[in-house]
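Provided herewith is a single structure, encoded as structure tokens, for subsequent inquiry.
As written, the chains take the letters A, B and C, and residue 1 is the first residue of each chain.
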Amino acid sequence: MSGVNGVTKHAGSAPLLTLRNVSRRFVTGRDFLGRVQQSVCAVDNVSIDVEPGTTLGIVGESGSGKSTLGRLALRMIESDAGEIDFSGEDLRRLSPKDLRQLRPQMTMIFQDPYSALNPRWTVGRSIAEPLRINGSSTREETHSAVVDMLARVGLDADAMHRRPAAFSGGQRQRIVIARALITRPRLVFCDEPVSALDVSTRAQVIGLLEDLQRDLGLTYLFVSHDLGIVESVSDRIAVMYLGSVVEIGNAETVAREFRHPYTASLVSAVPAPDPRAQRVRRRIVLSGDPPSPVDPPSGCTFHPRCPLAEPICAREKPPLLIDAAGHGVACHVTQGSTDLIGANLLARMTDAREPGISTTLPVRVPAPDSAPASASMP
Amino acid sequence: MSSELPLRLHPGLGTDAEVLTSAGVGTWRSFARQRLGLVALIVFVFIVAATLLAPLLPLADPNAQVLIDRLQGPTWHHWLGTDELGRDELARLLAATRISLWAALQATVVGVALGVPIGLTTGLLGGRLDGVVSRLFDAVQSMPALMLAIASVAVFGRQLTPAMVAVGVAFSPTFYRVSRAAASTVSRETYVEASRSMGQRTTRIVFSHIIGNVASTLIVQISTTFAFGILAEAALSYLGLGVQPPAASLGSMLTSAAILLNTSPQLTLLPGLVIILLALCVSQVSNALEYLTSDEVGVR
Amino acid sequence: MNRTADVAALSIGGLEISLVQGGRPVPVVTGVNLSVNKKEVLGLVGESGSGKSLTSLAATRLLDPRVVRTTAGSVKLFGKELLTLPEAEMRRVRGKEIGIIFQDPMTSLDPAFTIGYQLNCGLRWHTDLTRAAARNRVLELLGLVGIGDPRRRVDQYPHQLSGGTRQRVMIAMAIACEPKVLIADEPTTALDATTQAQILELIASLATTMEMATVITTHDLGVVADVCDRVAVMYAGQIVECATTDELFYRPKHPYTERLLQSLPGVRAGRLQGIPGQPPRSGRFPQGCRFAPRCPYARPGCSADDPELTRVQTDHAARCLREAELELTGVGA
């Protein structure tokens, strides 16, 4: 263990983006005098590093604070505490003017390609917007940059004269990507970039993002609720639950040798596109909804839903302890153990859950008598 | 705000099944609407041009009284006849229309100038400022336009401009609300966040993204207000609170003609027709503009 | 076709659905034959615009006839034709005999009423339960769909519930009158990955215990792997492949199915494989095989001849001219 709630120094280049103990609360209720009555801790004391040219995936359910974390990292919203360092610049102390100068280097790709483009603007105008805000390029430069970006994202040059309504969801997302990359940024925050797309289009867009990362040397902060997708694009993965990072490490490690029970339940929720494997596999069906962030549980926030919870879990919040390989886990139960890793952890969790069948759904047995009908055959 | 046409299910079951490409439904009707708008625009421009060019036309002085020629029907010299003081009806009608249009323009400009910038600001910023300003405009809204205008007459005397400014103030809450709602809706769109993430300043966001989206709603509101401004001026002058003799507006012409309704009905009908024509033209033009701006986005 | 011997719960034959464009119907779904038996779960899979939702919703006759029309074919519920049924009778069928779950639980519930009230409405319209009996039934239903503490939840408004719980309420509404057929249109698309698994398992287990015939439409083959007995894949308004789930996943016979499977994370090592190109816009389908322009195995002949949906095995049919010569990869290969 080389640090408590810190991040191990990796050999090699300095991180492009560093977050240290970053927190943000949102006020959700005030009394009639305007005093804060209720607030939600959206991001709680989070530290992460993103190495240049790599992808850090952030995975969690809705309400886990993963999108807020990305916006804090780009200073799209202000953080309450902590340090944010972007390529040597102390982002939190930057003046609005200096921050604007830095904007072209850190851009965003959004979840909903339908509302991310102004329906009244032509595609060309939308893609050129970042350049126009910068105001440094001539008309000709802007035009050729747009043509170049359209080609890079796989759209025809004449697309620039049309409006977003003429394009499908996947094509619109390509346009959004073109807009995000036209300033040749160093860091791109991808906020659920494929959640709104069809599966077949998803694969295309992810392939495109990977190609562009390689060609342009981009660094991605990739947020998604789908561990399967995050695993396929990320070098490192951070798992968030109720505003805190509960597990962080190399993509392979987090997806296969996970040590946090919440990661285990995320892994078991990824649908295996293999009917036989899926049938024998026992899923950990988490009981209930994620708890309300307004009134988070004491201690480890996951303990009310955790099949392995022990008394200490309700009392103390476990620190995120990071080992020499850069794998960090915040869990009282699995930290000390040597065998509660990956498949073993999953098995222990399902066994712990099984006696109390109240929370699991009846296991479905394929009915052999319901012979598939033949009517669909001509 | 998907602009592709979602499949409409039976009313009451609001879900779109699969998004399909837009279908050109009712093409003929939309064409007809645009043609009507074009005709209305031509008529409106013609009327405005005529009133502006009136002093240059070979017409009699609208205030010159020739008492021998009182209450004549249409003749070669007086195309629309004369009024009870022998003044040329056509010349008076053009002069009156000019005053009415000018008055309506004053009211509209005041309404827009007061309502739109404040509405866009509070809509974009929200928060407590929004609450306070909105209540203020609610208070203004509670006062009827004509009451405000009459109050201004009490303060400034019988002048048209202060009265129309008062009417404009009374109209401003509508502009405020329309632009506030549009700004607050558009500011929640992802493309505004995108623009902000590129380092765009808030004022520029208003001009580049929000104005464009408010435009079609505002055009409708402006034309409605303009038409209502014409009617408000007519009402004020009819009550004798607006334009003062010998100058004429459409409303004061109605007043003076009202007592002669039995003998010379044309003196009441003509200014009345002009009022109706102007109001109709403005509303048709605004319909067409609204249609054209929505066409731009591909939603019909 | 001999459907008379064993009457399917829901059978769709020769279905053609058209979009009304400029007063003229343009076919967007053509020649769809499907049938679902009691206790069977059928997955209807396709990209957006493939016609999967249109097909499943045509059975409920919820499509607005000014925009979409069913121009040919039949939809039978236990042998009873639904397409020609008067609207008044159709209202009795909807909700009572066919339950429907929509994609977006956020907009499909009325924000102005408690969920208990909304559940009650459907129940009392279709049954002659007393007020007290209906309330008990509502509580029972909420328990059945796995909502904890139903007594408290029943008086809550939709905005007080999470997305997953709202979808459970939608399911409770759909099964309230114990329908014989359940149609779920993209039931998990709007939900988180963890919730998705719960909801699908709930639908599948209800299908078995309540002996319903279930149709689930989705764009994600991955989510149907363990809940469906049979899968029909749609592309550009046609069924291109239909088989038992195992057959379809392990031995796909249509290039489009193969490509869809390759699009899923975790199916093959390395980077994800998308399907190049765009699906054709509805109604503007290419000549011959509609998938040919995007198909890696296409030959010149593919764009000339219209492939038929042919049986390649018992319980497996595919619409591909080169089906016999192609060696396609399934999952787990």
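Rule of thumb we're sticking to: a residue touches a chain if its C-beta (ideal position, glycine included) is under 8 Å from a C-beta of that chain, and two chains touch if they have at least 3 such contacts.
Note that this is a predicted model, so its numbers are computed, not measured.
By C-beta pair count, the most extensively touching chains are A-C. Summarising the inter-chain layout, the chain whose CA centre lies farthest from the centre of subunit C is B. Centre-to-centre spacing of subunit A and subunit B amounts to 51 Å, using the average Cα coordinate of each chain. Centre-to-centre separation of subunit A and subunit C, using mean CA positions: 29 Å. Of all residues in subunit C, those that touch two or more other chains are 48-49. Residues 1, 3, 6, 8, 11, 13, 33-40, 47-49, 146, 148, 162-165, 192-198, 201-202, 204-205, 208-209, 219-223, 225-227, 229-230, 232, 239, 242, 244-246, 249-250, 259-267, 271-276, 278-279, 308-311, 314-315, 317, 331-332 of subunit C are the ones that touch subunit A when the two sit in their complex. Of all residues in subunit B, those touching subunit A in their complex are 1-4, 22, 128, 189-191, 193-201, 204, 208-209, 212-213, 296-299.
Interface of subunit A with subunit B (complex): residues 34, 74, 76, 99-101, 103-104, 107-108, 110-112, 114-121, 126, 129-130, 133-134, 163-166, 176, 179, 183. Those residues of subunit A whose C-beta lies close enough to touch subunit C in the complex are 61-62, 168-171, 198-207, 210, 225-229, 231-232, 265-266, 268-279, 283, 285-290, 361-362, 364-367, 369-378.
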